[in-house]
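First, the structure itself, so that you have it in front of you.
Each chain gets a letter, A, B, C, D and E, in the order it is written, and its residues are counted from 1.
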Amino acid sequence: MSVTVFHYVFLAMLLFSIGAYGLLSARNAVRMLMSIELMLNAANINLVAFSSYLGSLNGQAFAAFTIAIAAAEAGVGLAILLALYRNFRTVNLREIKELRW
Amino acid sequence: MRAIRGVVPVIDLLVFLVISALVIAGAVGVVMAERIFHAVLALALSLLGVAALFITLGAEFLAAIQVLVYAGGVVVLFLFATMLTRSDLQLRRPKGDELAPVGAVVFAIIALFYVASSGFVSLGERGSVAGSVENVGKLIFDLGTYAVPFELVGLLLLAAMVGAIFLAKKEEAR
Amino acid sequence: MVEDLLMKVLRGLVGVVAVILFLSLNVLFLTWMERKVIARIHVRYGPNRAGPYGLLQPIADMLKLLTKEDIVPEKADKLVYNLAPVVAFLFALLPAAAIGIGSGLIAADVGVGVLYITAVASLSTLAVLMAAWGSNNKYSLLGGMRTAAQSLSYEIPLVLSMIGIVAIVGSLSTQDIVAAQSQTWFGIIPKWFIFYQPLAFIVFFAAVVAEMGRIPFDLPESESELVAGFHTEYSGMKFAMFMFAEYIHFVVGSALVVTLFLGGWHLPVISPMVENLGMLKYLVQVAIFVAKMYVIIFVLMWVRGTLTRTKVDHVLSFGWKGLLPLALANVVITGVVLSI
Amino acid sequence: MLAYLVLLPLLGALGSYLGERYGLARARSVALGTSLLTALLSVLVLQRYLGGAEMFPEQSQVWISDFGIGFILGVDAMSLSLVLLTALLYVVAVLASWNISTNPGRYFGLLMTMEAGLMGVFLALDLFLFYVFWEIVLIPAFFLINGWGGERRSYAAMKVLIYTHLGSLFMFIGIIMLYLKAGSFSFFAISDMLSAADAGFKSLVFLLLFVGFAFKIPLVPFHTWLPDAYTEAPTPVTILLAGLLSKMGAYGLLRLGVTLLPETFQSYAYAIALLALVSVFYAAFTALAQRDIKRLVAFSSVSHMGFLVLGIASFDFVGISGAIFQMVSHGLIVALLFFLTGMLVEKVGSREIPRLGGLITRAPFLGWVLVFASLASLGLPGLSGFVAELSILLGLFSTYPFLAYLAVLSLPLTAGYYLWMLQRSTFGATSELVEGARGDVRWHEAVPVLLLVVLITLLGLYPAPLMEMIGSTSREIVALIGGI
Amino acid sequence: MLELLLPELVIAIFALAVIFIDMTLREDDKEFLGYLSLLGLVVALALVLMQAKSAYTSQLLDAGVLSDLIRLDLFAIFFKLVFLLVALLVVLGSLDATRKDRYKGEYYSLMLLSTLGMMFAAMAVDLVLIFVAVELASIATFALAAYRKNRRTTEAAMKYFVIGAFSSGLIVFGMSLLYGLSGSTNLYEIATALPGAGELYWVMVLGVVFLIAGFGYKVAAVPFHMWAPDTYHGAASPVSAFLAAATKKMAFVALLRIFVVGLSTPALLQDWALLFGVLAAVTMTLGNVVALAQRNIKRMLAYSSIGQAGYVLIIFALLASEADVSLSVGAGLLHILTHAIMKGGAFLAVAAASYYAIGSELEDFSNLGRRLPLTALAMTIFLLSLAGIPFFAGFVSKFMILTASVAAGGFYLFLGILLVINSVVSLYYYARVIRYMYFSDREVKREREPRLLAAALLIAAFLVVYIGVFPDAFVSLSLSAASSLFS
């Protein structure tokens, strides 16, 4: 019983599912953004695991890019969140419903 | 001696399981924690766990990057956001499961994943990518394979900075 | 394979114990030294009751802190509040593992050395924010947020200023970096990176000081406006852990400066002499390293005794508009020079 | 030369749009000028191609090379008669719009754009081009109804647009299927291909095409847009809708449905004839119930178009000739009728039949012409409508005698609602409204009315030249399935 | 070799220039930055046009010489033209539309950076580069969507961001699976290395589903569409124009590359084609039907944009049919081009109206034909074109899609018929806007159109009419671009 890539992939999928659930169930925008980070991390686990098991470095490079992008995304997302909060005084996305017909 | 030798993979597995448990616990914490602040800390735990996974996969460079960027940077940003938007004071997860059906669906998907990905077992043993630090660096930084995306990521960070700064700026009265 | 594993574990344990021992000794000494130096600058005596020259003062302090009542504010977020000092202490300790004080005298020669150090060090921000938030005190919160903002802003120039060196050495390992500084010009002038990368040195030094939260960048705990910043509410043992962590940062930061820019345990003339002296070699190396470290430490204390605190917006804009462009320029210049 | 038939109205459209800046008169005189010029040009075309049954492809210009789409125009007798009708009715329509005062430039611009589209439909020998022109007619119509129509104009305009667009798109699918099989949109290439195509394919294509035509003609289940549109549109536009747009459908049915897919058409002919018969009766009965004279004429128009389709479905030389003749004849008569209703509104102030009583005493010209037009419409011998309907019935007798008997039954019905209408309006007791009617008729009203009256009479008394010309086409069509 | 990337270089340099010059300018002088960006875009467009000219004969300028990650074929150039054209129009319009706003430097630099990302996305044949480029384009637009920072825009941006980031997660997860299955990130290598229908088949399907869902969010295909109406409605109109006309098209280029080049192995083709077919059917129907109920023009345009995305999705379904693949893809390409111009133009027309504080509700557009005749005329042209009326660009591209789906026959013919029905439905709500603009009695006074916005509208309207009347060159351009994707 040794650790195979399957273990990692399954862990990644689990993490991804939890993230997706979080995104769907959260009301707080901060929690939503965190759930997205979880999902991106799941992808990274996949990439690095495959990279290691396939003996190719491309996956690690990909993961490095993903990390950088995730950070940038988080930065922009939180900035939008701040701007949103200044306007609405709440970050509960279910309460923010200006745009309905 | 041979008997002990068989133990090594088991240790590997144990290490993996412990780290996975941390990762998952953190993730569940993110989703379930009643207070946002705790959720962010749980996120940090999960991310550090992922970094540890990277180390078990021989990707130390990535692990370091992961810690530096995520745990040191992104998580702090999240903490900031929590504080600045008073998330914790106004919004807590209500007790009781409001999205049980979604949970059920997610569970079904997980089961599907499990079945689907079990084929990967055949991918075999972990390869050792020796000296991966330099190699990854070369792959990314040298004008090699990923030079173009690297430059683009630079611009992407710039764009994110430009965007984030102007959005986060407080509007002073004109 | 199993033997390998056992060796690994053993070596790790020894390393951990050694690191903790080294840090503790230094920290204890530092608390005394800081008071003494500042006092001298103020033309006072400083601690002089406990032991000769007050050398046992740290022990007395420690006893006091350990026996003090541990107060937890009623409205605090207990979990976070209690966890914060532990996290702070832990993440202060961890970076030290990758710093060598002699060739091979390192707890864990991590391949990604300096990156690991900065990465783990950056985690202490977490502890600060936890403490700030957990205390449920507005002064703590403000102090904590200032700390976080400050360390976030200075982390980027910090990392960038190391890139030049990393590029020259071609490795991230602290051992390799020190080894690359062993040569000399004419046998006297050391080939330290401070000479190769003066700009980077300035940036790095400033950034490290800011990261350590020392004057002139000690806003996070500016007593006059924020009481004691994020650890206002802490007392007793937990307070001690924060103080301990802070001094560890001091040590590690100085050690990092020595490692990266001042040639680590190398000193012209002396180093070649002790090259073949067996165990003595290591002793000399450690002595050289520690000496250099204390020079830095002394300079910083001197600065504390001399300069005033800076305003918060000045600190931040200095980071973004001063250090960051300089660090970037340094990276570009290094890149250009190296590629020629 | 044929291309100018399309270009000239376009130029006129531009000219009258720009003419608005220089006042009302400028816009309408430009429009009148171009419509007259177009009429002249079409007469020249007539001279050149007189009596030709064959198509004369002209102006072959590549348009979209990757799909083998060309700018090919051509005429035969059938399209020629419709081109003439278009040119003529446009003169009438422009004169009928003489008093339009809101945005005249825009109005005449749209009107003339529509003429370009109509000409294109009748001339196109490339099916893609055909479809394009077919669609383009719709847009000006939509704008015209929406901008200058009656009370419920937006509703009506939207209905026209949506319904007929739906039909056209189905037709378009049919056309595309033809293209894919033939590799070209050219009428000739497709015709060549179809001679070898299998029946199932043809049947599918025919049905798709038929939906498009049925909406346009319109046949009964597809007609619901029509009463609103005809009623709400401004008079000149109603003239064009009834006189020309409905003919587009019939033309398409003949050109694509019959000439391209004769066998398929024949196999559906009985069903189509039945549908047409339903149209005839349904519309006639509905007409009986109308109080609004414009609505009455609208339903009578549906009824007549049903007759026309009966003629086509008869697939008999006489029947088809009658159908084509009916296109022209009905175009003229319905134009006259709608023109008159327009004048009624203007002079008397109402279109409601009971309020028009005694018209003939106060406005004799208006009254008598109304009588004439109604008689023409109900098929009085000696007028053009009679010739057309007689030929259609004769044709139908030879193919579907039973249907023909039924169709004959509709004639008294038609006569009934027209005469009843006349009795109540023109000859009845003089109503209040009519008392105050202005009886004067201006030249721009008199000229088109007289022109139409003369033409209707002329075609009724001496149909031979037109019949002869049409005959060549219908002979050709009938020859397609080997009968005569 | 680097000269092949000259257009991208130009954009990057101008973007940096805008950022740095922005710091030195006073608030009043910042309009200059708009002109600067405009200049950059014009230069880049000219360069790409030159590339197009030489690629038109050879179809392929570069495959792998520059880098394994980039393929500069006519297909890529076609999309670069689309992106640059849209960016040009939007920037030109923005000079007027954002005249009263702050943060002009950020606005223009982000727009340029986003354009740059899209251009790279068009050329990328490697998952890493595709992801990075798509993200560059997206992240810049996240920030742009919140431009003005008022209640509406921030809400719009937040929704856009959450969904956008979610879709990034889906995309990168899908990509990671593909990488694991094939051991490569290069699409051409993936195509050869993907295992057949073995035990890993379901993982492949999973990867495909993740990618479709991820990009489905970006193209706003139903059921991944719910962000689009809110975002397009809430964001500033020029930004909405950019989002609808450019960002969305970028997702299409990535989808086309990934699925046509990387995933068209026989084992998978049928599966995802069917998936796309269903997606297309649902997307166009729902988009158009819901658009009927909208009283707000921007929302209506958003739903119409969803519907139109459905039309383009048809061509993915057609790839599995017997229809000529380059006809199908060519049809999609042309529709992407024409839709970019029409939809971008329509949003810019809304922007022109809001220049005079005219809202975007239907009633607000009452008698716009008298108030802003040029804007109304342009809007009419765009709407008619969107509805697919002949002699406007939209007709030609819709005709091609219809032809392709009829050529495929069977189930695909059903898609074509659905397209037709939807097109009729859409005509209704487009015509309704026209009715409000021209046929309402509200008293208004004539206003002078903002000059540069009018110029942008005129250019777009001219293009729409030109493509509609002389489509030959554009049709063959899109067809050859499509075939260069397969070569």
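FYI, a residue touches a chain if its C-beta (ideal position, glycine included) is under 8 Å from a C-beta of that chain, and two chains touch if they have at least 3 such contacts.
Predicted model only: the values in this text are computed from it and were never measured.
Number of steps on the shortest path from chain B to chain D, with steps defined by chain touch: 2. The chains in contact with chain A and with chain D alike are E.
Each chain gets a centre from the mean of its Cα atoms; the one farthest from the centre of chain C is D. Comparing mean CA positions across the assembly, the chain most remote from chain A is D. Chain centroids computed from C-alpha atoms place E closest to the centre of all protein C-alpha atoms shown.
Here the two chains linked by the largest count of contacting C-beta pairs are A-B.
A straight line joining the Cα centres of chain A and chain B is 8 Å long.
Centroids of chain C and chain D (each the mean of its C-alpha atoms) stand 93 Å apart.
Look at where the CA atoms of chain C average out and do the same for chain E: the two points lie 51 Å apart. A separation of 25 Å divides the Cα centre of chain A from that of chain E.
Of all residues in chain B, those touching 2 or more other chains are 61, 65, 73, 77, 80, 113, 117, 120, 123, 145-146, 149, 153, 156, 159-160, 163-165, 167, 171, listed in ascending order. Counting partners per residue, chain D has no residue that reaches two or more other chains. Chains touching one another form the pairs A-B, A-E, B-C, B-E, D-E. Across the complex, chain E is touched by residues 62-67, 131-133, 135-136, 138-139, 142-143, 146-147, 153-154, 157-158, 161-162, 165-166, 169-170, 172-173, 176-177, 179-180 of chain D.
Chain contact summary for the complex, chain A toward chain E: residues 5, 9, 12, 16, 19, 23, 29, 32-33, 36, 39-40, 42-44, 46-47, 49-50, 54, 56, 58-59, 61-62, 65-66, 69, 72-73, 76-77, 79-81, 83-84, 86-88, 93, 96, 98-99, 101. Of all residues in chain C, only 1-2, 5, 77, 79-80, 83, 110-112, 115-116, 118-120, 122-123, 125-126, 129-130, 133, 141, 145, 148-149, 152, 155, 159, 170-172 touch chain B in the complex they form. The touching residues of chain E, counted against chain D in their complex, run 384, 389-391, 395-396, 399, 402-403, 406-407, 413, 416-417, 420-421, 423-424, 427-428, 431-432, 435, 438-439, 471-472, 475-476, 479. Contact residues on chain B toward chain C in their complex (touch as defined above): 1, 4-5, 7-8, 11, 35, 37-38, 41, 44, 60-61, 63-65, 67-68, 71-73, 75-77, 79-80, 83, 133-134.
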